[in-house]
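Each in structure tokens, the structures are laid out below.
Okay, so subunit A shows up in both of these, paired with subunit B first and subunit C after.
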Partner chain A sequence: MSYGGHDDDHHDHQHSHWGPHDWTHGHGGAPHNSWAPIMMAFGASFFLLGFTKVFTQTWDDNADLWTYAIHSSEVGILIAGLAIFFAGITVFWRQDWSHDGSYEAKSEGTPFRTIDIRKVALWMFLMSEMMVFSSLFSTYLRYRTGFDNCEALFESGLFVEGQSCWLPASYFIAEGGYHQENAHAALGFMPDTLIPGAINTFALIISSYTIVLALKTAKDASLSDAERNSKVGKYLLTTLGLATLFLIFKMVEWFIGFEIGHGEDALFHSPSLLADGFTIHASEYTYCHEWDHHGGADHAGACAAGSSAIFDIRMAASTFYVTTGTHGVHVFGGMVALFYMVIKAFRGGYTPENAVSIEYFGLYWHFVDLVWVLVFPAFYLY
Partner chain B sequence: MSEHGHDGHHTIFGFDRYKFNFWVLMIFTAIEVVAVALTFSMRDAVSMNTVVFILVVVGIVKGFGIAAIFMHLQGDPDSRVLTATALFPVFFIVVMVLFIGLTHPDAADTLPDWCRPGFYT
Partner chain C sequence: MLKIKRNSRALAILAILLIAVAIAPSAQSYPFGVSGVQNDGCTCHGQSPSEEVVPSLEGLPDELEFGATYTLNITFTGGPSGTDPGATALGGFHLWVSAGSLAPVDDKVKANPDGSVTHNGIDNEDSGQGNDQTLWQVEWTAPSEGGAKFILHTNSVNGDGTSGGDMYGRLTMDVGPQPTEQASGLTVLATAILLMVMITLGCVLWVFYRQSPDAFAWENFWPWFSDFITSTDHKKVGSLYMVNGLFFLGVGGLFAMIFRIQLSSPGNDFLTQDEYNQFFTMHGTTMIFLAAMPMIAGFANWIVPLQLGASDLALPRLNALAFWLNPAAAILIFSGIFSGQGADTGWTGYAPYIVSHTAHSGATLWVAGQILLVASSTISGINFMTTFCTMRAPGMGWMNMPLFSWSMLIATLMLFISIPAFGIGLIQVLLDRTIGTVFYEVAAGGDPLLWSHLFWYFGHPEVYVVVLPAFGVISEVLSTSARRTIFGYKSMVFALAGIGIIGFIVYGHHMFTSGMSPLLRFVTMLTTMLVAVPTGIKIFNWLQTMHGGSLVYRTHTLWALGFLVTFTLGGISGMYFPAIAMDLHLHETYFVVAHFHYVFVGGIVFGLYSGIYYWFPKATGRMMNEKLGILHFMTGFISYNLIFWPMHRLGIQGMPRRQHTYFITTDEYFALPPETADWNMMITIAAFMFFASNFILVYNMISSGLRGRKAPSDPWGGWSMEWMVTSPPPTPSHDPSNLPNMKFAEVHDDGDPGLFGRLIEWMMIPEDGGGEEE
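Then we have the complex of A and B:
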């Protein structure tokens, strides 16, 4: 592979496109060519293609419901995709294995000349991530502006039973859900259903700060090795704990709900989105426009007469779960990396000369936080 | 997130820049949650437009704080080129949003006069 007259230099740097890179200090450059990203891209594509073939959903006219099937005969492409993907990761890992972490190769191409090459790579990765979330947001915008709002539709009196309309997740979260007129609000000014999302928002902001503190501490040459290892490990462990908290509250919000106390005397009561009927299968969601105030505050009372309608809200639910779920997957990916980093930190893996992996992980983690800055108001609050 | 080699970038108003940014983010997140809570507790007194305005302002401040200070897109020698890199997808986002607008059912009906045929004749 030729790089415009620098062939000889590159042969100095790298013996093979598959084997370990030669990260020899002082050459001023870095190995550029690797098949690993292409392998991983193909593997991911095959996996996703296989996923759509293995798991299918079809409408059964006779039964009048969606039926789901798993086609085991198609599982080969799914497994092949996974195998290619992990082979790519292995190649990547093997190439990087020879890197001792204390020397950062510089990028040679314009406009990134003299910038650490792995930092450039990380930003390229974040660019592709931006496109992923941008496509999800544009989908959300398109459908949200294309569908009638269920509430407005009901008020217009022009609705048809079973009609598709948009019932935003904020109806269930920020406004107290289906029983919003009797929504439980232990804090008075906000419904209990908003608590998990609000806690998660603060958790991500705090975790962004703890990762910054981990990097600052790792670079602090005034600390003894033992003290530095302990502090960096604790900051990373705190970040991991906050990420875990985020996913736990996500599960609470989606599937579990929470209640402190019991029945009408409950201090906090927040039904899950699943319990409230906000699911990707909600083709016949019973919408209540006005709640019967005399129906009791037991979250099981009746909708006021003439105030209910059946709507198809699957599109709103799907965009919510896909977008927030994709973000959740990114949090989980970060947790896997953090788990490794915590162990590395307590074993003395980070020194003032070798802390870039915390810096690069921090960029990813801040990006995940940044996405949540957009997801939270757009999907939870508006 | 790299460390700075010169003084002046370490502090904001005399405070450690990371700690300062962290507390700004915490305060603005609290404002964000309270603003939405107002739509619940003061449903008839606070309009949705007001809340959306607050959410947009808070989102811009928080996004800037995270990108500029935590991700170091401001103040580092390589900040400019990395900021340009980070903003590159914006082009595609603009194209996507444009198509969202053009494919909206009401797109043709709600176009402003200056965008309609015959405006310049």
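Then we have the complex of A and C:
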């Protein structure tokens, strides 16, 4: 190895800035030039620019209100930004593709001596991630404790129509919102509307297990290469599948809803939060304190006379969607990484010498699970 | 040689053009009355102009004859005038003209000291009272060149002796050739920024050309350039950071220059209120997030791996990503300025204004850009923390780390623990402004104080994040210049850590007037005062370092000494704010502006300048020009103090910050004394001097970088590990298979006191009695 100290020297061995990187040459293994950073940075910038062009609100002077619009024709910049960003990630991965674990940089100083530098970095990353979710929970606690609960407010009778109060998502999901009050409790022990959230919780917990299995298999030297590649790939694929399941059920719960059977005969009925009217724009939500199961125009019954009120529940909805949404984005980020790892696993990228990448991804993945374990009771059950 | 000269000349011409573009419009702005008389009328009856009163001004020619005298008839119609048969008064007027001279024709009119004319209220037997008229005559002598602008106010009075029901009308007339329309402040700014981009690109080309003038060819440019922008080497990324930081230091300075023109005299209309709001918002944002932070990151990139004895940073590609997020964010942050709708929220972006419909549309992208900067800071924070924890050279314990590295460690830790709160707040605001969530929408129960908490939870540690690296630089520079080890190394480290801890529990002092809990106010008052303890330890340690050593006065030493003076002053003025009662008085005045500029400029920028002079030879392998350096320090230090020292006084007199203008009137509420105008004019002149002085640095960096004397590996006699490698350092910075050993701290090689030091030595009486022979 030569450390000539001049870039002129270096150029002779210079490999493409687009990857793949020659890990046997170079200094400590790291690539020395890469187009990935500049592409990812400007891709993110264009994405945000596009985001503000697609999702806009304009002030209506006459009505004294915001009006919201999604300008789907402006989606070009947003998509271009995402494309550039993911092209950048692809370049990043192309450079990493040849990484086989033989150049893992180790820590020199106390207290982490001999520990992989990447592992320390990941823990540092998780430290800042903890602050991200702490800030979200701070917001949640501030508003949750600062708002009157809509149900308590109604019972006290001391409210004005249109007053803002807190109608937690759990009201729709676990405690008895409009649809749920009238739906069949298919499983008997939990409301139908809690099912997507419950499935999601188990999906994430199981995926934490499968990622550990992937690591254990990759470290297992007793397996043949072909067998190991296949098994590691399948475990990672399962993890990816469970993460996908999580996001699908998230969409079901937020926007789509599902039922088995139809109408009065439905065996299972879990409407979406959107259909329930739990949205960030719900400034005039018609709250019903007591349901009339016998009268009513449709199968779902109607609100008992004198037990309805109009409330502004936007804050509860904003907090719910943004906090669970941020968690969802973290799951999506994990899926992007898993996508790369699945391909690399089936191509034989993970060997007993190079299994730690799975471990470090697993650290992140466990963290995302752990956050869900906190988010779920705070937003779905209580 | 001829070519080089021609290039320097072109560069100088471009710089002059840039300044000219910024200044030119002010030369064409209209004169104005000190008390804003032409806007508010005479001491008019009625609160605002009424459309019912129609003034008219007759007798002005269509074609103006220069120097001729015209008789003007002033009349008005409408209003309550004359409706009462027994009225004792009919009306009054006030006529102001921008050029030429006005004179009364008869004693119904009198001349004012400022050249305007008004009705004469004194009773005259032959002509009647001046205010018992609806028609007056005056004579106007046209100026010898150029046109003029008339502003006429007429009062229509009801005549019952009271001013109830009176109203006034306003008329403006132009005659003759008018000065060309002045450019709006935003246009000037946009032009100047684009010019700066072009100059920067020009400099890049020139630097490329100068590297090998003989082999200059366009085909070679792209490989050279793309190698730079794709580089993940900490030194190249550090250089990119520095270029980025210095560029935006200039842009932020431009903002300041333009609004200093606005503030140079009372009642100025160079910038509208709306423009002014954008200017001070973008000035703050640019200086803190796009200038100070990248420059600090630049130093950290360059120096930390060299000082730690590491071959590079821990995560080189993520390091490059953290850098490239900066320009990407800058584009978003500045996009509003180029559409004329820049963010006008202040750098704090206080809710609920930032989510209200009155905030400019540019605020949305301002928020989006800030999110990218948060991402950048988080990524570089992870990177640096990992580097500190894992890549210290063998044998280098925590307590062997040089103080600059220690300061970066504490700063990075503070930054990346605090910045996610800001990031989440920004995401909430962005969603509030786009998809319509209601986190800060007061109508839906949103709490503006939550934003303040999230912002200042980050915002206060942030000011330590930017000042601690400057502390680190000063520690390095002073101990090297005093030719001894730093006094009280351990106490320095613990002071840094103490600031790091206390920094998190003081942020409430930004919110004393926000209505937060009185108990919390009291607690933050005490904790804020506590910050003075570790900071004081550092100051005294620096003093003792100099006292126990033997100081040489190199350029970087001068800046460090300047830092000690100005930062201490800034610290002392800072001690006024934790006292709640004092804070309530001084809140939102120029005293605050003076304080944080003494800390930010006198502390951070001086510290960073010191660092530039100190490490420039290491980074480029060339010595900087010491004469230019001393010139830069002298002009910069003096003009800097001329800018910000008077602001303390202005603040105590009650001049409010964040307001686009001020009046020196006898008005009870804003009774600023007349000398306020003079102080402000002096501040503006000094601000331009300070702005100009920084071009000395830029010129010095470019010219010395290309033509300066070759630097040895340890030009100052420093003893930390960055001085062990060649100048400029090799790649990788330290050979990973042969990491360095530490040197004894007592060994200092350099005894040259420097140009300035020789001057002082020459003036001093030597300790051995003047060297006279017995």
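Simple rule for what comes next: the second predicted complex is superposed on the first by the 269 of 382 C-alpha atoms of A that agree within 3 Å, B and C clash if a C-alpha of one lies under 4 Å from a C-alpha of the other, contacts with A are read in each partner's own complex, and residues count from 1 in each chain.
Criterion: a residue touches a chain if its C-beta (ideal position, glycine included) is under 8 Å from a C-beta of that chain, and two chains touch if they have at least 3 such contacts.
Note that the coordinates shown come from a computational prediction; the quantities given were computed from them, not determined experimentally.
A.B. asks: State whether A:Phe268 touches subunit B only (first), subunit C only (second), both chains, or neither.
C.D. replies: After superposition on chain A, A:Phe268 lies in contact with neither partner.
A.B. asks: Is A:Gly362 in contact with subunit B, with subunit C, with both, or with neither (first, second, both, neither)?
C.D. replies: first
A.B. asks: In the superposed arrangement, which partner chain does A:Phe258 touch: subunit B (first), subunit C (second), both, or neither?
C.D. replies: neither
A.B. asks: Per the contact definition in the header, classify A:Ser208: touching subunit B only (first), subunit C only (second), both, or neither.
C.D. replies: The first partner, subunit B, only.
A.B. asks: When the two structures are overlaid on chain A, which partner does A:Pro191 contact: first (subunit B), second (subunit C), both, or neither?
C.D. replies: Only subunit B; A:Pro191 stays clear of subunit C.
A.B. asks: Could you let me know whether more residues of subunit A are touched by subunit B or by subunit C?
C.D. replies: After superposition, C is the partner touching more of subunit A.
A.B. asks: Regarding the shared-chain residue A:Met315, is it in contact with subunit B (first), subunit C (second), both, or neither?
C.D. replies: It touches subunit C, and subunit B stays clear.
A.B. asks: For A:Phe332, using the defined touch cut-off, is the partner it touches subunit B, subunit C, both, or neither? Pick first, second, both or neither.
C.D. replies: In the superposed model, A:Phe332 contacts neither subunit B nor subunit C.
A.B. asks: So, does A:Phe346 touch the first partner subunit B, the second partner subunit C, both, or neither?
C.D. replies: After superposition on chain A, A:Phe346 lies in contact with neither partner.
A.B. asks: Just checking: does A:Met127 make contact with subunit B only, subunit C only, both, or neither of them? Give me first, second, both or neither.
C.D. replies: Once the two structures are laid over each other on A, A:Met127 reaches both partners.
A.B. asks: Can you give me the overlap between the subunit B contact set and the subunit C contact set on subunit A?
C.D. replies: 111-112, 115, 120, 124, 127, 131, 134-135, 138, 142, 146
A.B. asks: Under the definition above, what is the set of subunit A residues touching subunit C in their complex?
C.D. replies: Contacts found on subunit A: 1, 3-7, 10-11, 17, 27-28, 30-38, 40-42, 44-45, 48-49, 51-52, 55-57, 59, 66, 68, 92, 95, 105-112, 115, 117, 120-121, 124-125, 127-129, 131-132, 134-136, 138-139, 142-143, 146-147, 164, 280-281, 283, 312, 314-315, 317-319, 321-322, 326.
A.B. asks: Please name which positions on subunit A make contact with subunit B in the complex.
C.D. replies: Counting only subunit A, the residues touching subunit B are 111-112, 114-115, 119-120, 123-124, 126-127, 130-131, 134-135, 138, 141-142, 145-146, 170, 174-176, 183, 185, 188-191, 194, 198, 201-202, 205-206, 208-209, 212-213, 215-216, 219, 359, 362-363, 366-367, 369-370, 373-374, 376-377, 381-382.
A.B. asks: Can you name the residues of subunit B that touch subunit A in the complex?
C.D. replies: 1-3, 18-19, 22, 25-26, 29, 32-34, 36-41, 51-52, 55, 58-59, 62-63, 66-67, 70-71, 78, 81-82, 84-86, 88-89, 92-93, 96-97, 99-100, 103-105
A.B. asks: Please output the residues of subunit C touching subunit A within their complex, sorted ascending.
C.D. replies: 226-227, 229-233, 310-312, 314-318, 320-321, 323-325, 327-329, 331-332, 335, 357, 364-365, 368-369, 371-372, 375, 378, 381-383, 385-386, 389-394, 396-398, 416-421, 423-425, 427-428, 430-431, 433-439, 441, 443-447, 450, 453-454, 726, 729-732, 735-737, 739
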